[in-house]
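These are the structures, in structure tokens.
You will see two complexes here that share chain A, one where it goes with chain B and one where it goes with chain C.
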Partner chain A sequence: MEEVGTRRARLEQTALAPVLKTSRRYYVWVAFLIAVIAWGVYAYSVQLREGLVVTGMRDRISWGLYITTFVFFIGISHAGTLISAILRVTQAKWRTPVTRMAEFITVVALICGAMFVLVDLGRPDRAFNVVLHGRWQSPIIWDLVSITTYLTASIVYLGLPMVPDLALFRDRLVGRGPAWRVWVYRVGAVGWQGGASQKRSLGAAIGVMMILIIPIAVSVHTVVSWIFAMTLRAPWDSTIFGAFFVAGAIYSGIAMLIIVMAVLRKVYHLEEYITEKHFVYLGFMLAAFSLIMMYGNISEYVTAGYKLKEGEEVHLRQLFLNQFAGFFWYYFVGGLVLPGLIILFPWTRNIAGIVVAAGLAVVAMWVERYFIVVAGLRVPLMPYEPSNYAPTWVELSVVAAGFALFALLITIFVKIFPIIAVWEVAEDLELAEASPADGHIALEGAMQPAGGSQ
Partner chain B sequence: MSRNSDRQQPPVTRPGPSPSHTVGRRGVMRLLGFGAVALSPLGILPPILRATVGRGPIHSRGEFARAPNGRIRQWVMMIDLRFCDGCQKAQKPPLCTTACLEGHYAPEPMEWIQVFEGDLAGGGSQFIPTPCQHCQNAPCNNVCPVGATFATPEGTILIDQDRCIGCRICMAACPYDRRFFNWGKAPVPPESLLAHYGPEHQVPVKKGTVMKCDFCPDMARAGALPYCAQGCPNHAIYFGDLEEDLAANGKDVVAVSRFLAQNHAYRLNEHLGTKPRVYYIPGHGEAVGRDVFTKGRLPTRWPWIERIKGARTWKR
Partner chain C sequence: MNSIAIKATLISIALSATLFGLVTTASAAHIHMQVVGPAELSIGHPADVRAVLRSAGDDLPVAGATVTFYVTASFDGANGLVELGKAVTGQDGVAVLSYVPRSAGEHEIRVEYLTPGATEPEVATWSHPASGADQLYRSTAGIHVPGLNVWVIIAVVSTVWLILFSVALRVIAIARAGDDADIAAGHSSPRPAGAVSSSTGAGHQP
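Take a look at the complex of A and B:
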């Protein structure tokens, strides 16, 4: 077995590499993303000038791509914090190399998601009214409160376990990086020296946060679904919406985590730390949630379709047979069943297969949000012909810019902050060394996040 | 980390009281608790902000109307479908809609009172003029995040277009499709721009906000019927006050309770529990000689052609 010292040195080197070296391809990628965002900003400026008339939304289908993408990104945000918190709480030993990325995704996705609410407003200049005149009766205010709480908690939960790594970067980069960067690390490391009492405090803080973050994350997607479920529209008038949206959020979150993990692993050569095992374990979680999603869908559509109340027939017809059939069946077969099967079969259960499954799932969850929003609004309420919705170039551009922003923020984060939790991985190495007979990474000791038994 | 070794404190081996600057789990919880308590005064910020930078509470323009018994009037509308032929006989677009559009300068394609043609259970059709239902359990009012939609003591549901942020959740919530959004800069006659705006008189239009029928309480207080009731050639639309139990259609005055009870009145989608203030007397224009199988009405026209600069129309 290799000596711990050299493995640890290599770990630090790998973690520091993105910060120290920047390839030309990186700049090309960033320039591309900025170009997409700039185009989106231009499209939004047109929308600001002309009004929402430049979108495909109208009185009868009054929400479209923006709200779809908002719900999608809020869902993606469950990647991180919830998954990493669940893994921490259950003390899943393999989690250490992936939690940091998951937490990145959460913060970035929340920022992008919140942006789409603003973009969707008819009067963004009056957005501050929700603070001035906010009413607790409105689901939008529930959203505002729970999303800002979640964002704050996620930033704390991202920052806390990063403290020792920022201290490491601070110590290693003195004199090697620009001054602002060292300053960022010094501030972020809040005087971390790695003493036992500091470790105890950190473990305690992480322990509290990881418990706290779970109900917050669940509340977020529940109230997002209540924007729809608090209306009298037949397709949305469902008690399952809250739970179902939370499940969908975690499902898309896991999938997005797998994709980001695969990309960063490739680009920054993290093969030693992010192994096939991590993909397989996350793949199992993905498969489990695809089953929950299927169950939720079947439960929802069978109970509605059996009775065919007013509005349900139109809705189920457009979903299963007509306008939205392509979307729906892609979502159900391509986005739920197929990823599950890919992970089920041993001969496709490898990194490539799992990344494909995750890609299918991410696209499917966006599509699902699209037909929940648009098909839900399309069902006529009065005797009129159902209207139709087609997004315009403005909406497509702004949505593209949103995804570009998501990628850009992750790209920049990766350049500044350690992408893997060096101290946690290093600790695993040391513990593995200390008890080689065990073969597994033991999780006893002072740095165990839960603070050990007291 | 060699740097750390000289600073390292003696390892804590025993459970129990923590060293002075160690924060345990309880400590973190306590900190969080104190933090929450410390943040709680933030709740008084919005009122302070409202008092300093916000506009005051919204008022309707006039004093609330009172019935002779001193109580606030409760506006109500009754639409007698036996007298509605969708203006087939007049060979015009529905005149209630036209009158409303002319009175409010509502831009295309808004029809604050819209004449839907519904199928009858046994074949044939009926025309259903549909204004905002002014629900007493209004879904739109419940969901508005900023109180731009509000209920008045007169039982009307109004919108303050100076406060509306254009999130459109009220449009998702309305089960009657009675809310309209100003998607762009709307074409309206120039004289509308001179009007004195108020939630009871939503003129001129404001881009990026929601509009709908306001029940014309300002007209009622002045002793006039709403535009739609005035416009109906068959006097199918009654407007009145539940408190005084009187309603008028421009020809007759009726006792609301007796009229509703004797003519099998119903409300739209009663099962939703929205408790509308608009009542319907079932029918299909038979009282004005409409044949139940003569379908179709003329499409609504927006009367003005003058367009303010940069205006554009949109479809619903």
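Take a look at the complex of A and C:
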């Protein structure tokens, strides 16, 4: 059997490789993303100059692609923090190679999501008025507070378990990289030496954060749902919107994590650490949440459809049969049922199948947010003809730039920071070596990151 | 001959109309307007507010004049005039508007009359304190549950941020412990890769 020391050395090399080596394909990819972002910035400058009239949004359908993408990204942000925290709290042993990527996704998605709220404003210079003149009774203020808190907590939760790995990078890369990068590692490592008191402090901090981050994450998507549910619109009159949004967020978050995992695994040759087992386990979580989502949808639409109030009738008709039928049935069949089936059937339950299922789910969750926002606003409040919404090139360009920014930030993050939690994976290796039959990681292992094996 | 007579007639009519208009405007510009209210003003009870218009020269009532009533109001820091309604003067030159005060305190009624052809209205005001309960109407929005208010949200958010602050203190503790270790080891600059066996977690070196 291979020695732990050798495996740990290979682990460090794998973690350091993205930082030390940059291929030409990397630069081409970054250039492509910057070009898409630049085009989006130009489109946004047109919007700033001309006003929101250059978008497809009007007085009756006043939210479109921007708010759809905002809700989508906030959902994606649940990938990291919530999934990582839940797996950490439940001591899921297999989580260690994937948590760092998940936490990256959270921070990046939150940044991109929050950006779309500003993009949706015709006068972004007035955004600060929400802080100056906002009222605590308003869901907009709740949203601002919860997203700000979540972003802060997510950055802390991303940074804390990274401290020992940043110390590793700090020490390994002295004289082997640009000075600014070593400076980043030195600052991020906060003087980590691996002493007993440091381990205690870090373990306690991670222990607090992994508990705290769960209610914060749940509150964020609940509050986002309340922005809809607390507005007087028949299609948004739902008591389960909060739970429904949280479940949808976790569903899309898991799916995005699977996709990012697959890409990074391929690009940075992480096959030894991110194995089929990780895809299958996350696939099972995805399948479980697809069932929860199906249940939520059926419960929601059957109760509303049975009573069929006037506004609901218009909404359900446009959703099931008319304008949004294509979106809805893709979402339900292609985005919920099919991914579940792909994962549940043994002959498609492999990396490729699970990535396809995740791709279907991610697209479906964006589509779901689109028809929640646009179809919800399309139902007339008064006896007038329902209006229609079609996004313009400006909106499409800005949204494309948002997704490019998401990809660019992930690309840059993994180029600077440790892509996998080296110390946690190393700890797993040592525990596996010490007690191969033990199927569980001790909580102390998570709580005392650097001391478990000493 | 006939056409000359017609032209002369039309010119005469035009001149007469112009002179008549000038005279009306002049007299309307000298209207005396006065606002008269009741001796008692109490919350929830209608009170007639009267605008009395008389011509300045001969002190005759001005009939058929439309006047606008306003009340000075303040809402959430914004001050301004709220239009109460319009009324037309009768043969006695009096326009009446029924006004129901809805809150305690001083009520200032302002009446405006724009004379034909003028750009600035004639203005008269009347003010009087209203007595009674604090306020006639209260908002019925929401159900007030004692103890359940925005302070609950503020308390929850503050608690979360305090916990985050405590985590920040832990990070400071890590940094300080690192400084102590550096001092004990006799160096403060980053060490070469071979000298960090205890810095990267499990303590193993490749």
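As a convention for this text, the second predicted complex is superposed on the first by the 436 of 454 C-alpha atoms of A that agree within 3 Å, B and C clash if a C-alpha of one lies under 4 Å from a C-alpha of the other, contacts with A are read in each partner's own complex, and residues count from 1 in each chain.
By definition in this document, a residue touches a chain if its C-beta (ideal position, glycine included) is under 8 Å from a C-beta of that chain, and two chains touch if they have at least 3 such contacts.
From a predicted model like this one, the values you see are computed outputs, not experimental measurements.
Within the superposed three-chain model, A:Leu377 lies in touch with chain B and out of touch with chain C [touch as defined at top]. By the document's definition of touching, of the two partners only chain C reaches A:Ala426; chain B does not.
Of the two partner chains placed by the overlay, neither chain B nor chain C lies in contact with A:Ala400. In the superposed pair of complexes, A:Val130 makes contact with chain B only, with no contact to chain C.
When both complexes are overlaid on chain A, the residue A:Val156 reaches chain C alone and has no touch with chain B. Of the two partner chains, chain C is the only one touched by A:Val182; chain B is not.
Of the two partner chains placed by the overlay, neither chain B nor chain C lies in contact with A:Val46. By the touch criterion stated above, A:Glu12 is placed in contact with chain C alone, chain B being left untouched. In the superposed model, A:Gly194 lies in contact with both chain B and chain C. Shared interface residues of chain A, touching chain B in one complex and chain C in the other, are 137, 168, 171, 193-195, 197, 201, 204-205, 208, 212, 454.
Of all residues in chain B, those touching chain A in their complex are 1, 3-4, 7-12, 15, 18-19, 21-25, 27-29, 32, 45-46, 49-50, 53-54, 109, 114, 116-119, 128, 130, 139, 142-148, 163-169, 171-177, 179-185, 207-210, 272, 274, 312, 314-316.
Remark: chain C residues 150, 153-154, 157, 160-161, 163-164, 166-168, 170-171, 173-179, 181-182, 190-193, 195-196, 198-206 touch chain A in the complex. By the touch rule above, chain A contacts chain C in their complex via residues 4-6, 8-9, 12, 136-137, 142, 145, 149, 152-153, 156, 160, 163-165, 167-168, 170-172, 174, 182, 186, 189-195, 197-198, 201-202, 204-205, 208-209, 212, 216, 422-423, 426-427, 430, 449-450, 452-454. Within the complex, the chain A residues that touch chain B are 50-55, 57-60, 62-63, 117, 120-124, 126-127, 129-135, 137-141, 144, 168, 171, 193-197, 200-201, 204-205, 207-208, 212, 227-228, 230-233, 377, 380-384, 387, 446, 451, 454.
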